[in-house]
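Shared between the two complexes below is subunit A, which pairs with subunit B and subunit C, respectively.
For the complex of A and B:
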């Protein structure tokens, strides 16, 4: 068991830089999720930890030992690939036992470990099958089995669930978490799906364009996003972000949007009158109609999307569309007017130029 | 044709295809038929030469030919040279194919190296034979099986490089990466994952290479004397007594049998192997 440290790592493909001074420290046993849009460098970083990509500068160390120059086989990491990468010519048992055979482990021990891993993943009845005769979920579990059978220092997951259907994905999410509780191996998990990140991670790393935007627990990222990118990336539906400036009226500070709607700002906010800001609030952090405050603004429903007990209501503030996640109501039908006020405790203010949290 | 087997169009296509096949295979059939006739019947048989109907077959030509040591020498030399050349081409060509598929060379770039391999097949053999003759004489390997194996290997290796390279390109690279993370060296990933998964393409390439080495007449005719192979032996049927069609027919049949058996054995691989490179599966 060991800590994984990534120190000022840079990566170039020819002359294009894809990772910029990435530093992370991952404690033993932590479940870290790297999340970001496609092309943000998250998979590249994972592959650098695995040893499948060169490191142009910086250091990656495992248990205090720099592993930059080590071949993948000497790093004691195991990896689950997006397309599972099962060896098509080998049976499930041989697939799971491959790494042990490569390490010349005794046959009786291999058989036992393979049987244990298969038991854990419910694959026992499939051990003699070839990968092509398995369903997507079963293949996924074989790929997991291949990773856990070796008892490595670090698990690496590269979007392992993206090829599964929605229902199976939720199931596998649980299974991966369960396995992590059981084996407590340090895990680095890459995904572009923020829900996967929120539900699974001890700590999330948000990457964008090769830069680490924010590192924190799912709650930290949700409650205190560092900047507008993290704010819009974490949470579904995305946080509403309205451009405008700060004005003062009757001794209170207000946010004035481009169409002159006024939103009350928290008193302790560190902003001055006339400052250009981005005013952010999550769709679920609003009060409407009777429960709305006296500073509520009037909006007209554009579209409503019922999601069961709740309803997603879309409306325009000026020319900017906002989304509200509110209890379903017959009053919120297209064309109807309603009152809305964002909850004062859950307002996020960002600098309009840098996008950084104020 | 029965209606259940397809539309009228399919039947017509099948008949045309059969007709074309029969035209192309007729010389081979004629050789077979001829090998079973006594010499004087070579030109006198009527019909299409069906044994027992158009003539009384005899194994005389076969027993006569097979009792001569020349036939054994030719068969042995041909087999030895073709098998060893093919094996050598695979041993040397597979790593080349893999390197071209998986590594990026800057100078010369991968594309140029691949083209260079193909150019060996484009080059007219006549352009290369004189240098080979001079060199082989200097090296003392003129008229040896060893010398011939080197020549054949040189000229058949492009097949394995080009065909299997494409197969390697089509293999998901994650398979080898997974093997390397799982504890294999790069060579281990190549041998344990990439090669086993390319067996169909390797089988197809081997068969093509074997056939080329087996059939080669030109290089053997120039670079060998006492050590001859089957094609030379077949041509030897023409002598001062004229063309001995009956013996040539037997020798041709002998020359056809081995590749034919290999073809049948490797059949299930070949069709897949030949299309493997072209179509992503």
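For the complex of A and C:
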């Protein structure tokens, strides 16, 4: 089996450290997405798995075997590059069959495998074309075909959809998932797009500045973000995070923002009075007007962005802007006042100094 | 108004058109005409004139009978005659052993030097296509030969290869005096001067190949040789064809190195077509032969260039 284990890996470019003690364990057949802002080291980590970058310290092992010193070719991984890296002088068929030809596979087998891969990706009618005569989406599929045809232990995707337009991206997302269901190969997928991560991953790894912030399923990351970075990075629009402190009134704990607005806190929360915290709630986890609780606060609509049945409403708590994702209503127009209370079950509390979840 | 603008455009083109017509097209057709003629320079006596004979002081001498002494002088005029001889000159050129030898030498010279330049250029480009200390400086140093005057380079190599006291004299190799070595020496000069050009173009082309293509290939093979033959060389192919084209067209005109290094010798061992043609025209006054010889070579080079151009166009389509 091909479990992929990354153990305390560090990476330096000259004297700059770009990865700090990264450890991950990826089970056979899992679809892992490395996500993070640009420069967070996610592509570097992927390239280290592929063998395109040296590993300064730590170990990467595949199927129990350390592959640090193995040449990329011997690692049994195949990679889809951001710009597809198709050989411009070779036809689609030759591009897909390239890795097999390099491995001196018999020609009849190559032809069969290429035909199968083309079939799976809907490329059969394009096999004799050159890459420059293909559209972006078609090139992307050829790049995937090139990876699939080898039947490797691990697929590596380096932001494969970033050059496609939005519509095509959604389609390709589905196709990649379908292929993963079909071939069930361990997949490591790098993206800066958290929606791609949320929709595709079995497990998401959030990287920031070369450090793993959190590893977990999309739901875990969404419901239980470890810290403020993950909380704001995962989910769109981002989680509202308000700075303030804990106060007690009438035997209940409240969160008091800088402008003295009071938000009710869950009773079981492990916080003490006077503690500086960051109070977080997602835009969709709020009740407004009639459904709002008795502790609701009054806000004034700054901007509203209808998105169909819902509407994104922006308002200010003190000088901090918050965003609310609520059912569309004629009452929520700029200048109107409304009542709002975050849902008590879905409140996230973070330490204001460390940003860690409390 | 618009029409006037268009005419103005044509007017601005005029200097260039005149330049091309007078300095390229006209001489081209004139030499084509020359190749079908026998050019003769003759001194023709156009008449006789009687002039007085003068003494030391410049006064006319007189005979005893008092009449002025005269002498008869022939009036001469240099006339250039173009006798139309059809393909006679071409026949002569084709059957001329000297021309055949020159063509053979030029052919071998072009093949070998261009081949070596391409291979060496590729190799150097390969070496330089990575981060090495002082690469920029080394690269500038490498391409210096391109800027030197070929004629001067010929003289420089003449001093280097000088067999009696030159710096390579200890090798005891008759670089310039042996009919087997001399062609090699000339090729050496060409290779020395033009490998840097190939190197420069190939280096630029190599740096234009996206890294991820090479990385994609390293995921499939460990052998650098395979990456070269199956990825890099096919990608460089259009550039290689272009460089071959430029180098063949250029080196087929070989004249400068010969004129300054070997003078075509020993014997006629290093006599190139251009050198032979030049001598025929301007030392032996056989312009018909020279023009015919030049046109024959032009045709051969043009056929070659056309073959390569179609090849090039195919790879780009």
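Operating definition for what follows: the second predicted complex is superposed on the first by the 357 of 358 C-alpha atoms of A that agree within 3 Å, B and C clash if a C-alpha of one lies under 4 Å from a C-alpha of the other, contacts with A are read in each partner's own complex, and residues count from 1 in each chain.
Quick note on the criterion: a residue touches a chain if its C-beta (ideal position, glycine included) is under 8 Å from a C-beta of that chain, and two chains touch if they have at least 3 such contacts.
Everything quoted here is computed from the prediction, not taken from an experiment.
Partners subunit B and subunit C, brought together by superposition on subunit A, clash. Contacts of A:50 after superposition on the shared chain: both subunit B and subunit C are touched. Contacts of A:77 after superposition: both subunit B and subunit C are touched.
By the touch criterion defined above, A:107 reaches neither subunit B nor subunit C. In the superposition on chain A, A:258 makes contact with neither subunit B nor subunit C. Across the superposed pair, subunit B and subunit C both touch subunit A at residues 50-52, 71-73, 77-79, 81-83, 85, 87-89, 98-99, 102-103, 146. Chain contact summary for the complex, subunit A toward subunit C: residues 50-52, 71-74, 77-79, 81-83, 85, 87-90, 98-99, 101-103, 146. By the touch criterion stated above, subunit C contacts subunit A in their complex at residues 210, 212-213, 215-222, 226, 230-231, 234-235, 237. Against subunit B, in their complex, subunit A makes its touches with residues 50-52, 71-73, 75, 77-79, 81-83, 85, 87-89, 98-99, 102-103, 146, 150, 156. Of all the residues in subunit B, the ones that touch subunit A in their complex are 172, 174-175, 177-185, 188, 193, 196-197.
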